[in-house]
Amino acid sequence: MRFLPHTEADIDAMLAAVGCKDLAALFDDIPADCRPAQPLHLPPGLSEWALNRHMENLAAETATGPGYDIFLGAGSYDHYIPETVQQLLRRGELATAYTPYQPEVSQGTLQAIYEYQTLTARLLGMEAANASVYDGASALAEALLMAVRITKRRLVAISRAIHPHYRHVVATYLRPTGLDIIELPYGPDGRTDLNPLDDAREPAAVAVQSPNFFGCIEDLAAAAEAAHGDPATLLVAAFTEPLAFGLYPSPGALGADIVCGEGQSLGIARSFGGPGLGMFACRNAHLRAMPGRLVGKTVDADGRRGFVLTLATREQHIRRERATSNICTNQGLCATAAAMYMASLGGTGIRALARLNYDKAGYLQTALRNAGVALPFSAPVFNEFVMQLPPGSEAVYRRLLERRIVAGLPLAPFYPELADHYLLCVTETTDKAALDRLVAEVSS
Amino acid sequence: MRFLPHTEADIDAMLAAVGCKDLAALFDDIPADCRPAQPLHLPPGLSEWALNRHMENLAAETATGPGYDIFLGAGSYDHYIPETVQQLLRRGELATAYTPYQPEVSQGTLQAIYEYQTLTARLLGMEAANASVYDGASALAEALLMAVRITKRRLVAISRAIHPHYRHVVATYLRPTGLDIIELPYGPDGRTDLNPLDDAREPAAVAVQSPNFFGCIEDLAAAAEAAHGDPATLLVAAFTEPLAFGLYPSPGALGADIVCGEGQSLGIARSFGGPGLGMFACRNAHLRAMPGRLVGKTVDADGRRGFVLTLATREQHIRRERATSNICTNQGLCATAAAMYMASLGGTGIRALARLNYDKAGYLQTALRNAGVALPFSAPVFNEFVMQLPPGSEAVYRRLLERRIVAGLPLAPFYPELADHYLLCVTETTDKAALDRLVAEVSS
Amino acid sequence: SAEPLLWEMGARGRLAFSLPERDVPEHPLDPALAGEGPDFPDLSEPEIVRHYTRLSQWNMAVDTTMYPLGSCTMKYNPKTNDRQAALPGIAGAHPLLPPPLSQGLLRLMFELEQFLAAITGLPAVTLQPAAGAQGELTGMLIFHAYHGDQGRRRTKILIPDTAHGTNPASATLCGFTAVAVPSGPDGILEPEAVARRMDADTAGIMVTNPNTLGLFESHIREVADIVHAKGGLVYADGANMNAVMGQVDMGAMGVDVLHLNLHKTFSTPHGGGGPGAGPVCVSAALAPYLPVPRVVLTADGFTWSDDFPRTIGRLHAFYGNFGILVRAYSYILSLGADLTRISPLAVLNANYIRAGLRNHYHLPYDRPCMHECVFSDKHQQAHKVTALDIAKRLIDFGFHPPTIYFPLVVPGALMIEPTETETKETLDRFIAAMQAIAAEAVEDPERLRQAPLHAHRRRLDEVQAARKPCLTG
Amino acid sequence: SAEPLLWEMGARGRLAFSLPERDVPEHPLDPALAGEGPDFPDLSEPEIVRHYTRLSQWNMAVDTTMYPLGSCTMKYNPKTNDRQAALPGIAGAHPLLPPPLSQGLLRLMFELEQFLAAITGLPAVTLQPAAGAQGELTGMLIFHAYHGDQGRRRTKILIPDTAHGTNPASATLCGFTAVAVPSGPDGILEPEAVARRMDADTAGIMVTNPNTLGLFESHIREVADIVHAKGGLVYADGANMNAVMGQVDMGAMGVDVLHLNLHKTFSTPHGGGGPGAGPVCVSAALAPYLPVPRVVLTADGFTWSDDFPRTIGRLHAFYGNFGILVRAYSYILSLGADLTRISPLAVLNANYIRAGLRNHYHLPYDRPCMHECVFSDKHQQAHKVTALDIAKRLIDFGFHPPTIYFPLVVPGALMIEPTETETKETLDRFIAAMQAIAAEAVEDPERLRQAPLHAHRRRLDEVQAARKPCLTG
């Protein structure tokens, strides 16, 4: 086996040095009652070439790329990824290193993550960002737990226009803590209705997502005002599509205290939903309550600039049961990819690309509306929006599937009141012809 | 344009430093009569994504991979290439360096090529190998010119069983030199008939290829004996399929003086015929007459082992019109790929892989023979051989093409006497089912 | 030898990204809603390529040298796995594709679950946790839900003093109070110590086997019986699974819940800190608690199901780090039956190092080890040389340092895990380097305290970094 | 800091290659015919990966730093081009596929020929030559064949003293005797010097424009007229085409034959010495001499044709370095109309360096340059500092050295070509480094003679290497 270098001669010499008669003797400490009843049976190993064929066959069953028009977003977005990012990310020195415990021989990873933190903070309009957490959903759960730690309060308010999966993850994380959750409904414009906050008793945090699950841009400034009506309450701003901040103001600029979400849009392949990138940022005042790894700038013994993992006393290695969270690592390579991507776009590019996404979605909105399709929510959007088809739309949806068009995400499973509503996503990868085809199909 | 970093501000500042009023002024030295009559007109640049689509569309028109059974060899072979080789070769430090003129900052390339030279010499059974030349065909031409330089003779004898394209290249290279070429015919066993050598007057070289164009293993020992009947005459052994030397003795072991050929089989993609790898080896006695770049071992100022380009006085940089050849570079990255591939196989692997090629070809030979298909040549083969179909075989060949089977290379365009003869190639990539399908089709 | 930061480079108006052609008109935008866009530097493509190529060279990595970071299983990461994960039908797949349009990917997950079940001996598997620590959290959530269903809220959990720091942190996140169990004089758990602490308020135990001293917990079956007898559950931290694949049956051992680290045992790249993946395997009794959605096989093929009323819920926006699952699946298929050769060779390599260094470094538990061996700096302290100094000096010899100062039960620990993919020759060179360092500690201790001398940076001022944190530029 | 040689590693029986499954029986083999197989070391896959990852780091490359190697045009090599060349339908294509099964690839070649014709102003193109030097050979073979058809064997060829060494070597290979033409006091060819040497026995002239001093040969049209008047032909070495794309028409200039270096002007990676590609463009009159086969467009699509009776023959086993052609084609399509921006920016960058260093280094020809500028070590020789010392010292500043001691007409030449893909900031740092070196040459010349101090190796003993060549291990 090409990954296992040991020859028989190697094994014999090493067993002699170790003082074991055979390989089995290395496991003499394992009692019989811990052993498998029968040997582990696995099929013969595949050659590299047989594996390639097998994986190509599996992959070929997936609907992707040319031949399919897939109008799905909902937390996972189809954006172009530069070949440079893909090739650089495969460099063994980046991919096969681990947590930079030894900074002298990890400056590559450390500087890359420091740069990621900086670009993230700038994108989100915050003072500090961590080195990333698992994904947008767990980032939101961690943000709420952080707010609870900061405020020492037991209630959180969450918009119902936050991605349903994210809310599900929050519920899962919070269940054993006994914290209370109230949900804020959405209004007819597709935005969060903040009015119920008036009756909420001392919430630790108010969480909204913008663009929200319906693609609508929330009025974050209003949310901040509502949340900060109680000075201790923190506004947690979530997101699934950070490219929107190339066009719309950052959550930080609008008053959010903690900003978190999913960074997959920033140069990371969809990969059936993961790995993604939990982006997480806060104001300096809350730095020590923030979960997750941090890279900081310092100097070496010769006074040269260098980077290290820092504030590790917040973390589980040292603090164990008193850690800010149980998160041990970050999404290192995904964070590096996002930094490469953000740097490739630059300030000029992200504005242009975000605008193109906006314009494509706008074109489709206009065309659908002109074709008589209802767009129920009136709030402005970025690259996603909801369309409402006439009752019995399942047949239309299925017919489109047969024509290799996935006409968005049916919302009924998530919002029973939204039968016949579909969440459509349009990015720079969708060409006008596909948009026109969709309009023709759903209005025919 | 993302490859061009100059901003308008950069250009203005630089023009000021240079003392030019605009970019056009940089070209004031170019007289009007050298200028284009009208501006160069090219279509607008494609985005990275439009280019991807365009190239994928072009590539999709090619018959490759699953879906086609392609029994073509004839100097370009389908062998598996490990993913490691492909990924390592893309490393920027290997791909984007040039000729290692500055050895202190080129040890990566230099050691890799030194290792390539060593493995090549071992594979071919020779004392020295150069850092590679363009391809197998030009390698043969250079080998004959080298023999002419060494012997100061004006005649070369070339087997007609050498790849016809190689003979064509030799003729092209030799035409202005006025050297004489005699061709040695092939016999009924598919091997070169050495008898005409008895009448050849003082040839500088006798050139044979093994495995030859028909896939037949030549009797190189007999060729060496025949050539060396005149002690000054050099035996030049060519090849197109070096994997054969995993199974058969090396040309050096059988008495060749210069060994040259195509190394594409060793980890290099077919790429529609290039880039390939001209492998070139000789005995130490002839080292200084050998064309092409050489890497040698030495020490640095601290006595540490290092590598440099050496014997450059043979080359055109220094020697100009008295150089051993006009070749200025080598196929650096292809040579590196071949070294990676040879090292990945190792002695153990190359024997096993060569044997598998032999066995697959043998299986097909047996199956065809059992199905009544004629195999005209009796000499042993490696992974290629000739089959003879009944007259009118073009229709059969076309029918197979429609069924996505390329049933080898028709030989009639190269050897008019071999109408209805087809050169078939079978490597480790061809599975038994495809072989059985071919047999069924040609014998039905 | 300094690489500028991204925003120390570039010039406004450069662009390293290829903007797609615009084929639609501008759509009206309320100017009051528009922002200014982030303050990113503008760079050209060549600047991006050079920056990251140069930066990358400042890392040690498995691809450049032996990286014997204990408890992290830094084995070779096969390149073919990255190829598979990048296939367009895999990398380009949207997670919410209707199942009929993603059958191959669902099959891959289904089969990977089956492989992991076979390897661990625990029949039900979730692939959703994004890392080992999230796997631990999953396990603790299952503990919590299970005990809730038993009608009794349990508040404590037993955790040996050799445990990874994530164990108590994960338990705390679920509201449990960690109760430390000291390991015995031979470095492993003593059943009596567990029995003394296990009670009806205790949810169970989290145990790592082999433990972080590299020793097999030989009493695990008895410990499990004690815990089970009091209604508790046994959680196993599978971070060290590379030692025992094919050698143990976790179910037979009494384990109820186990997480695996695919980036350790199953060869997926560590990525400078992630992404990893931390699947959780459970006993049949606990299967109903696994997160949703789960892949199920129906007459119409594979599909997703949420229909598990006792589920703890969901831990990931979608199904976990699928791209990592692909790599682990490829790895298992590549090895096949050879998978059982991994652990014997990993253990052999660790014992070979143990044998080579036991006369040079203090071995707090001097007995055959599993996949890693833990030394301490006790002998070197006489010369005022610490584990940190030894680790830094190894850098000068071209090796990545081992894990140091962990496990906490060994003061000045040096925790060395070579993995099975290192050659005997590399181990010999590593042993020689460690021996040379032991000699230097006597002859020239100051050199060790100054180490590393030949790295890209000398020792970095971590105190300054923490005192006045500078986290963004 | 030494990387073992491949055969200093490994152990018999290791295997880094995945042997395919055997699905056929062994076929009988006459044992008398079998060999022993080569003496290759046996390695594991991890050893291969580490070896080449580490080795690669010992190279400077365009991807790591500015590489201003004069006359080599070391511009940025776009990564997208490598992606295209690796597409299965391209990398996996057999060259002898029937043309109906390879239409896309034939179209690519056809269109690339058209692009190169448009860029050069010469209407007919062969893509077959595998490198610039083979392009020169192609040109000389065309000269030879053309004059043969004119019924007169011509034996001499004019070559300016600034020419690349390949020019005389290529001419010699075709039986021509090189006659050197000295350049004039301003570094360019003087028509009278050509006229004095051009006669009926002279096949023509090989000229590089801009020449290797980075100067445009302003009298080229007159020179061409002189050569043509005597029945000769004009060959242009297009190695320096990066200076003048869109600025000149080679046909108008009087050029009959021109080669291009795709690995220079058209951004394909230099690969540590190749593969490159050296297409040749010719006038309509010389088109019949181009090598075969040629891509032609028929009613049935693209196909190959050998039907060119006056062809010089064939230079490559197939069609040249197709994988390189793919990259150049991608590059041209990526830039499109922006291709005409390349030369102005390349020339601007060179002049910016010239302006920044002209007060610090001797400029033998002090006039605006094209894409490269040639200094000499004349000022530094007073301190016993040579061009070699300056070059080696640049390494310590993190830059690849320029070409040195070429062109031969400038003693102690330093030939600097930045290319258009370098930023102003990088040029500023390069200029500062060169200025610092000039100061060091005065203040601390010994430091320069010892340079490089910070490279992977110090200066290597080239004399020993050549005296007792050791070419294999």
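Going in written order, the chains are labelled A, B, C and D, and every chain counts its residues from 1.
Going forward, a residue touches a chain if its C-beta (ideal position, glycine included) is under 8 Å from a C-beta of that chain, and two chains touch if they have at least 3 such contacts.
Chain identities (UniProt): A, B = Probable glycine dehydrogenase (decarboxylating) subunit 1.
All values derive from a computational prediction rather than experimental measurement.
Name the chain pair with more contacting C-beta pairs, choosing from A-C and B-C.
A-C
State, to the nearest whole Å, the distance from the C-alpha centre of chain B to the C-alpha centre of chain D.
The computed centroid separation for chain B versus chain D comes out at 20 Å.
Can you check how far apart chain C and chain D are, centre to centre, with Cα atoms defining each centre and the answer in Å?
About 48 Å, centre to centre.
Among the residues of chain B, which are close enough to touch at least two other chains?
3-5, 10, 48-49, 56, 80, 82-84, 87, 90-93, 429
For chain C, which residues are shared contacts with two or more other chains?
If we look for residues of chain C contacting two or more partner chains, we find 1, 11-20, 44-47, 49, 53, 57, 63-64, 76, 78-80, 82-83, 421-424.
Considering only which chains touch which, label the overall pattern as line, ring, star, complete or other.
Per interface graph, the chains form a complete graph.
In the complex, go through chain A and note every residue touching chain D.
Where chain A meets chain D, its residues are 2-5, 7-10, 47-50, 82-84, 87, 92-93.
Please output the residues of chain D touching chain A within their complex, sorted ascending.
Those residues of chain D that touch chain A are 11-21, 44-47, 49, 53, 79-80, 82-83.
If we count contacts the way the header does, which residues on chain D are in touch with chain C in the complex?
It comes out as residues 1, 9, 11, 44-47, 49-50, 53-54, 57, 63-65, 76, 78-79, 398, 421-425.
For chain B, which residues are in contact with chain A within the complex?
Residue positions touching the partner: 48-49, 53, 56, 66, 80, 82-83, 87, 90-91, 429.
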